[in-house]
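Quick one: this structure, given as C-alpha cells, is what I'll be asking you about.
Chain lettering (A, B, C and D) follows the sequence in which the chains are written, and residue indices restart at 1 in each chain.
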Amino acid sequence: MSYKAQQLDEVKVFKDPVHRYVRVRDQVIWDLIATPEFQRLRRIKQLGTSYLTFHGAEHSRFNHSLGVYEIVRRILNKFADQNVAIDQDTRLISLCAALLHDLGHGPFSHSFEKVFHLDHEDFTRQIILGHTKVNDILTRVAPNFPEQVARVIDQTFENTLVVHLISSQIDADRMDYLQRDAYYTGVSYGHFDMERILRVMRAVDGELVIKSTGMHAVEDYIMSRYQMYWQVYFHPVTRSAEVILINILQRVKDLYEQGYTFKVAPTHFESFFTDKINLQQYLHLDEAIMLYYFQQWQFEDDHILSDLCDRFMNRRLFKYVEYDRVDEERVYNRLVQLFKNVNIDPKYYLIVDKSSDLPYDVYGGLDDLYETMPIYLRMPDHSLKELSAHSPIVEAISGKRRTDYKLYFPLDDLEDLPDDANKREIFTILAYQM
Amino acid sequence: MSYKAQQLDEVKVFKDPVHRYVRVRDQVIWDLIATPEFQRLRRIKQLGTSYLTFHGAEHSRFNHSLGVYEIVRRILNKFADQNVAIDQDTRLISLCAALLHDLGHGPFSHSFEKVFHLDHEDFTRQIILGHTKVNDILTRVAPNFPEQVARVIDQTFENTLVVHLISSQIDADRMDYLQRDAYYTGVSYGHFDMERILRVMRAVDGELVIKSTGMHAVEDYIMSRYQMYWQVYFHPVTRSAEVILINILQRVKDLYEQGYTFKVAPTHFESFFTDKINLQQYLHLDEAIMLYYFQQWQFEDDHILSDLCDRFMNRRLFKYVEYDRVDEERVYNRLVQLFKNVNIDPKYYLIVDKSSDLPYDVYGGLDDLYETMPIYLRMPDHSLKELSAHSPIVEAISGKRRTDYKLYFPLDDLEDLPDDANKREIFTILAYQM
Amino acid sequence: MSYKAQQLDEVKVFKDPVHRYVRVRDQVIWDLIATPEFQRLRRIKQLGTSYLTFHGAEHSRFNHSLGVYEIVRRILNKFADQNVAIDQDTRLISLCAALLHDLGHGPFSHSFEKVFHLDHEDFTRQIILGHTKVNDILTRVAPNFPEQVARVIDQTFENTLVVHLISSQIDADRMDYLQRDAYYTGVSYGHFDMERILRVMRAVDGELVIKSTGMHAVEDYIMSRYQMYWQVYFHPVTRSAEVILINILQRVKDLYEQGYTFKVAPTHFESFFTDKINLQQYLHLDEAIMLYYFQQWQFEDDHILSDLCDRFMNRRLFKYVEYDRVDEERVYNRLVQLFKNVNIDPKYYLIVDKSSDLPYDVYGGLDDLYETMPIYLRMPDHSLKELSAHSPIVEAISGKRRTDYKLYFPLDDLEDLPDDANKREIFTILAYQM
Amino acid sequence: MSYKAQQLDEVKVFKDPVHRYVRVRDQVIWDLIATPEFQRLRRIKQLGTSYLTFHGAEHSRFNHSLGVYEIVRRILNKFADQNVAIDQDTRLISLCAALLHDLGHGPFSHSFEKVFHLDHEDFTRQIILGHTKVNDILTRVAPNFPEQVARVIDQTFENTLVVHLISSQIDADRMDYLQRDAYYTGVSYGHFDMERILRVMRAVDGELVIKSTGMHAVEDYIMSRYQMYWQVYFHPVTRSAEVILINILQRVKDLYEQGYTFKVAPTHFESFFTDKINLQQYLHLDEAIMLYYFQQWQFEDDHILSDLCDRFMNRRLFKYVEYDRVDEERVYNRLVQLFKNVNIDPKYYLIVDKSSDLPYDVYGGLDDLYETMPIYLRMPDHSLKELSAHSPIVEAISGKRRTDYKLYFPLDDLEDLPDDANKREIFTILAYQM
C-alpha cells in the first residue's frame, strides 16, 4: 500500500479538553506529530504572555495545532456525507495543512517577530519545504506534496475551498483558538455552537458558505470573537508584559550592537541580530531557551537589561494610562524629557502600545478584505449574502477596527523617585490614581 | 493599621477555570503572590511529564497553589458562618500555609528529588524561613509568623484543624488538584461536588469531619481520586517519560563524576552533585532551565546523554511490558546480559519502574495511617465513624495500594538491531506485540 | 422572636441545575414555598408551548421563581458586603417579592390572557392581597407587609433599588429565565457570566448600575437575551402551537356563547366566559386541568374543536409562511375567500401571528422606556452612561423591535383537498414548498 | 422506494440538552415520533414523583425515549465502522425498539402498576401489536415488523446483540436515563464518559462486551448508577410522595368498591377497578388526567381521599423514620392500635415502604442474573471476564441489593393531636426529632 494511503491499525486518540478527542487514523498524520519540529510547538505558548494575566493560559501551540486538525477532519467527514467531491489526495493535503499551519511560530511569537522583523509564515513554509523531518515525511507521500501543503497555508492553493477551511473569517483555526483560549483562561466568552456551525457549512463553487438558518450560531461565533479580542487578546496587562519582553529583546540587540560584553552571551540570538537566520537555529529557539536567558540576564551588569528581565520573570509589570494620540504628542514629548531628567530611559520605560499591531482582528465585513474572505450566507433561494449585510449585530461590529493606544511606564520606579518638581509633573501628567 | 490586618481597597480576583474566581482581600496574600519565589511556580508544571501523555496538562503549580488558597478561604468562611472559633491570626496563618504549601517543589519534582535524594518539603520550609522575599513578608506580620506557617505545612502546628485543612485525606490540596488535573487533562474523572463537601464539613474537637448525610459526595471524591490515580497519575506513558528524565539526570551525574568534559557544562546542577545545595541555586532551577540543558545536550558527544535528551525533547519514549517481580528476576538478569551483548547499556535502557514510588495514593482507611488521618463521618448521634467502615465502596478501594511494575526499553533501537540470536531472544522474552 | 426574624435551624437547600443550590434560611420564605398557591406553579410551564419545539423545555414556573429568589438573595448579600444600607425589613420584602413575582400566571399564560383579556400581574396582586395562604403568611409578618410586597412587584414601592432588582433591564427575573431556559432547551445561547455581573452591580442613588469594567459581561447578557428571543421565545413552531391553543380557547368560548351542548362542559372556564372571575377558580386552573379538557374535547361533535384539540395533544401543528403585512392584505382577503370555498373556516385555520404580541423584548436603550429602566454604566469618573451609548453591540440591537408576521395554516388538510382550482390557487399564493 | 428505506431529504434534528442533538433520517422513525401514542409520553414524567424532591426533574419519558434512540443510533454507526454485520432490517428494528421501549408506561408508572397489578411491558407490547397508529406504521414496513420490534423489547429476539443494546447491564436505556436524570435534577452524580464507552464496545458472538482498556469508564458508569440509585431514585422524600399517591389510588378503589358516591366520578379509572382494561382507555390516562382528578377530589366528602389529594397537590408529605423489619413487628402492631385509638386510619397513614420494590437496581454481577446479563470485559488475550471479577470497586457494589425499610406517617396530623397518653406513646415509639 502506498504511504499516503496507510492507515493505523485502529484509530489513535488524543484526549483533548476542548474537542474531547482528537482522532488520527492516517499514518502520515501520526508520523508528522512525532517529528521534532511539531513536538517543538509544545514549548511555545499559544497565547504568549497572557499567562501573566490569566494564569490558566499556559497551553501550547501543540494543543491548538491538534485542535485545528481535528476540526478540519470533522468538516471533511461532513462534506463526505454531503457528497462534496474531495478526493483522497486533497483530503490528506488539507489535514496536513491544518496540522502544520502554525509550525513556524517562534517563542513569544508576536514580540519576537516585531523586534527582528520576521514573519512566522515564512518559517512555516521553510520548515515544510526545507531540510526537516516534516519535509521528509511529506516528500515520502509525493515529491510535490510539501509544496501543495505549503500552498494551502499561504493561500495560493488552487482549491479555494480547502484554503478557506484554514484561512477565512470562520475557519478551523479561529474556531479552535477561540474555544481553546476561553477554556484555558476560564473566561465565559468564547463559547459558540461549533457543532451547529459545522452542520450548516456548505461548499458552494469552491467557497465555504453558511446556510442562512445557521446565522444565529455564526453571530454567536462573531460575538465570541469580539469579546475574546477585547477581554483576552488585548488585555492591557498582557500587553504590559509584552512591552517588557519587546524591550528586553531590543535592549539585548542594542547592547550587542554596542559591543557590550555579556556575562551570558546571547548565542541563540546572534543570527537574528545579523539577519543571517539559519533554519536550524530558528528551530532551536523556544520559550524555554528564552526564559533561560532572561533568568541569567537578571545578573548582567547592564542595569536596564537586568531590570527588564527581573520584571518579566517576576511579573513586576508596567502600569498604564489611556493615551490619546492626537492631543498629547506635545505632552508625550514633555514626559520623555521628564523621564530623562530623572534618569529613566524613555526608550525602554515609556512606551506607547497600539492594539492594532496585534495579530487578532474583529470581523471586517465587505469593507475589509485585506486578509481573508468574508462570511457568506446561503439564503433559501440559494443566493449568497454577506453576513454583515444581513445581521445587525455583525454589522455593528464589523469594520470597527478601533485602535486603542496605551502608555506604559514603571509606576514602582516613579514612586521611588525623590519628591521633586520632576516627579510631581510626571504624576500630574499621568494623573495615575495612586 | 497593622500589616497583618491590611485589606486591599477592593477584592482582587484571579480568573480561574476551576473555581471561576480566586479572591484576595488580605494585603499579605497579595504581597506573597508577587514574590519571585511564588512567581517561580509558574515555571514548574503541576503534573511533571504528564503533558507528554495528556497534551492539555501544561498547567503550573502556580495555578494549583492559588486554588488551594481559594478552597481554604472558602472553608474558613463556612466555619465563620458556623461560628467555629478561628481567630484572625490563625485565619491568616492558614491562608498563607495554603498558598505556600508547594513552594519548595523543584522542576519535574518527583524525578529530580529521586535522583538527588531531596525532599521538596525541606525546601518549602527553607524558603519560608530563609533569606527570601516570602520570609520578608511573613516576618513583617510578626517575627514568629514564618515559623507558624511552616509548622502548618509540616503538620506540627498545635491547631490540628488548620493542619487538616491542608494535609488530610480530604484536604484542600487534594480537592484542588483532582479537579484541576481533570480539567486540564480533559478526562471525565475527577469531578465531585466540592460545594456539597464544603457544606457538610464540620470542625469537631480540632478535627475536620464530614456530616454523614454527605457520605455519598465523599464517596464520589474518593472514586475520583482512585480513577485519577490509575488513569492519569500512573499512566504508563507518563512514567516512560519520567524514566527517561531520571536517566538523563543520572547520566549527567555519572558523567560529571567521571570527569567528562561537557560542551555545555551542567552549571545549574553542580551543587546537587556535590550535596552542598545553596537555596538560591535551588530557586534558580526551574523547568525552563532544565529544558535549556536538555536541548543543548542533544549535541553532546556522549551518545547516551545525547540520545536520552533527544528522546525527551522529541518524545521518542520507551515502550513497556508488564513485569512480574517474583518470577522474572532470572529472566530480567538474562535480559540485562542480552542488552549488554548488543551494546545497549541496561543501566539507562532497561528500567523497572514501580508505581508505588509515586507520590499519589488511594484512600488507606484505618489500616494505613502512615501519612494523613483518615476521614471520619459524624453520625446523626454525633459519634464518629471512619469512612471505609461505613461505605462499601470506599472499603473496596481502601488499602488497595497495589504496586504495579513495568519494564521500560527502547523498542525503536531494538528493532534496528541486526536480526540475530540476541535480538530474537530479546523479543521472545519481551513478547512485545509488534 | 418575631415571626419575620425567625430562622430555620440550618440552611435548607434545594438542588437547582442552574444555580446549583437555592438556599433558604428565613422561616417566612420557607412557609411561602409550602403554600398551595406557590406549589401550583409546579403545574404551569415556564415556557408555555415551547416544549413542543424544544422537548427539554418542560420546566415549571416553580423552578424559575426559586431561581429569581436565589439571585436576589445573592445580590443582597453582595450589597451587605458593600455596606449598601438595606434594613432587615426591606431585605425580607425583596426576597418575598422575588419569590412571588410570577404567582399570578395562568396556564399557558400568554394565550390564556390574550383570549380572556386578563393580566397575570393583576392576579399576582390579588393572590398576595386576597384570601390566600400566601396572604396569611405575609400578614403574620406585619399587617401592611402584603401591600409592600405587592408594591415591589407592581413597581410602585418607594425604594426603587429594590424594584429594580426584579424589574429592570438586567433584573433577577431576566437573569434567571435566560439561563434556565437555555439549560432546559439545551441551546448554546443564554450563557453569560452572572457571577461577574453580580460583582460589578452597584447601588447608586436608588438605582442598580454596572461598573463600566463589567460592560463586556453585560454585552454578553444582552446578546444572550437577543439570541434567546429569536431562537427560542419567538420560534415559529412554538408560535404555531400557541396559535392552535388560542383557537381552542376561542372556539370553546364561541361555542359556549352559541349555546352548544358540550359532552364535557367547560366548567373550569365558565367564569372566564362571563367575566366574573373568582380568585379561587383562577387558582384551580392549571395546565393539567387544561390538558384534561383538551383530551376530552377530542371527542366532541364540533369538528373544529375536536380537530384543534387533537392537533394540540398530538402535535399536528400548522405550517407557516412569512407574511408581509403591507402588500398582501388583498391577497390575504383572497385566501380567506378560498378557505371558505373549500369549507375550512379561516377564523380558526388561517391565522396571522405577530411576534410583537409576545411578552419578550430586546434591550430598548433610551428610546424605549415603555416598560423598564435602561442599564446605566458607572464610568471611572462616577458619571453614569446609558449602555447603548457606550457599546456598539448593544446599540446595534437596542430599539430593533422588529415585528415579524407569519401566516399559519393546516398544510395537511390543504393537501387532502381535491385537486381543483381552489386548491391550486391556495398553494400558488402560499407558495409553500412541498 | 420501499417505505422502510425512505430517507428524509435532510437529517432532522431535535435539540437535546443531554446528547446535544438527536438526529433522524429514516422516514419510519420520523413517522413514529409523530404518533399520538408516542406524543402521549410527553405527559408522563420520567421520574414520577421525584419532581417533588428535585424541582428540576420535570422531564418526560418523551425526552428519554428520544435519547435511547439516539444512543442506539450512534452505537450502530460505530458498529458499521467496525464492520460488524448488521443488515438494514435489523438496524431499523433496533432503532424502532429503542424509540418505543417505554411506550407502555402509565402515569406515575410505578405507583399505578402497583395498585392495579399491571405491567407496563405488557402495554408496550399491546401498543406495538394492537390497533394503534404505531402499529399502522410498523406494519407498513412489513407485516411481521411489529412483532420483531416487540420481541427486541421483550428480549426474545433471536439477535441477542440487538436485545442487549436495549436490555443489558450497560444498555442504551440506562446510559440515557442516568445522564438525563442527573442533568435535570442537577445532581453532580450521573456523569460518565459515554463517548469512551461507545468506543470500547465490541460485538462478540452476539454479545455486547467492553474492551478491557475501557474498564475504568465502565467503573465510573457503575458508580454513577450506584450514586443515582441512593441519592435520587430512592430518595425518601420522593418515596413519601409515592406512598401518598398509592394511597390515593387505593382509597379511590376502596371507595368505588364500597359504592361511595363521588362528586367527580373516577370515570377514567373504572376499567382498572374491574380488570377489563381497554387499550384505548389506558392510552387516555396520562398524568394531566390524574392531576385533574386529584385536584377535584380535594373537595370530596370522604375525608381520607380529600386529605390525601390535598397532600399530594400541595406537597404536604409524610415524614418517616427508619424501620427495622425484624425487631419491630410487635412495635408496629402497637402503633397500628395507637393510630386507631386516635382515629387516624393506619391503612392509609402508617405505611412501611420497601426500597426493593423500586424498579432500579445496582449492578448484580454474576450472582444476580435475574434480569439482564452481566458486563463482560474482553481481555487483551480475547478471553471474556465478568466485570466484578476484575474490578474491586464493582465487586464492592455488586449484589449489594440492600433493602431499605422506612415507616411513613403524617407528622403534622400527629402534632395536632391533643396531648394525651396515645400521642405521647406514638411520639415515644417514633422517637421523631421534633
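Assume a residue touches a chain if its C-beta (ideal position, glycine included) is under 8 Å from a C-beta of that chain, and two chains touch if they have at least 3 such contacts.
Predicted, not measured: the structure shown is a model, and the values here were computed from it.
Visitor: Identify the chains adjacent to both subunit A and subunit C in the sense defined at the top.
Guide: In this structure, the chains that contact subunit C and also subunit A are B, D.
Visitor: Between B-C and C-D, which chain pair is linked by the larger number of C-beta contacts?
Guide: By number of C-beta pairs in contact, C-D is the larger.
Visitor: Would you mind checking which chain's C-alpha centre is most distant from the centre of subunit A?
Guide: D
Visitor: Mind checking the centre-to-centre distance between subunit C and subunit D? Centres are C-alpha means, answer in whole Å.
Guide: 31
Visitor: Please tell me the distance, in whole Å, between the geometric centres of subunit B and subunit C computed from their C-alpha atoms.
Guide: Distance between chain centres: 52 Å.
Visitor: What whole-number Å value describes the gap between the mean CA coordinates of subunit B and subunit D?
Guide: The mean C-alpha positions of subunit B and subunit D differ by 45 Å.
Visitor: Which subunit D residues touch at least two other chains?
Guide: 20, 187, in rising order.
Visitor: List the residues on subunit B that touch subunit D in their complex, please.
Guide: Within the complex, subunit B touches subunit D at residues 187-189, 191-193, 196, 216-217, 219-220, 223, 226-227, 230-231, 392-393, 395-397, 400.
Visitor: Can you tell me which positions in subunit C touch subunit B when the two form their complex?
Guide: Touching subunit B from subunit C are residues 13, 20-21, 195, 199.
Visitor: Using the touch rule from the top, collect the residues of subunit A that touch subunit B in their complex.
Guide: 14-18, 20, 34-36, 39, 42-43, 51, 54-56, 58-60, 62-63, 66, 183-187, 284, 286-292, 295, 313-316
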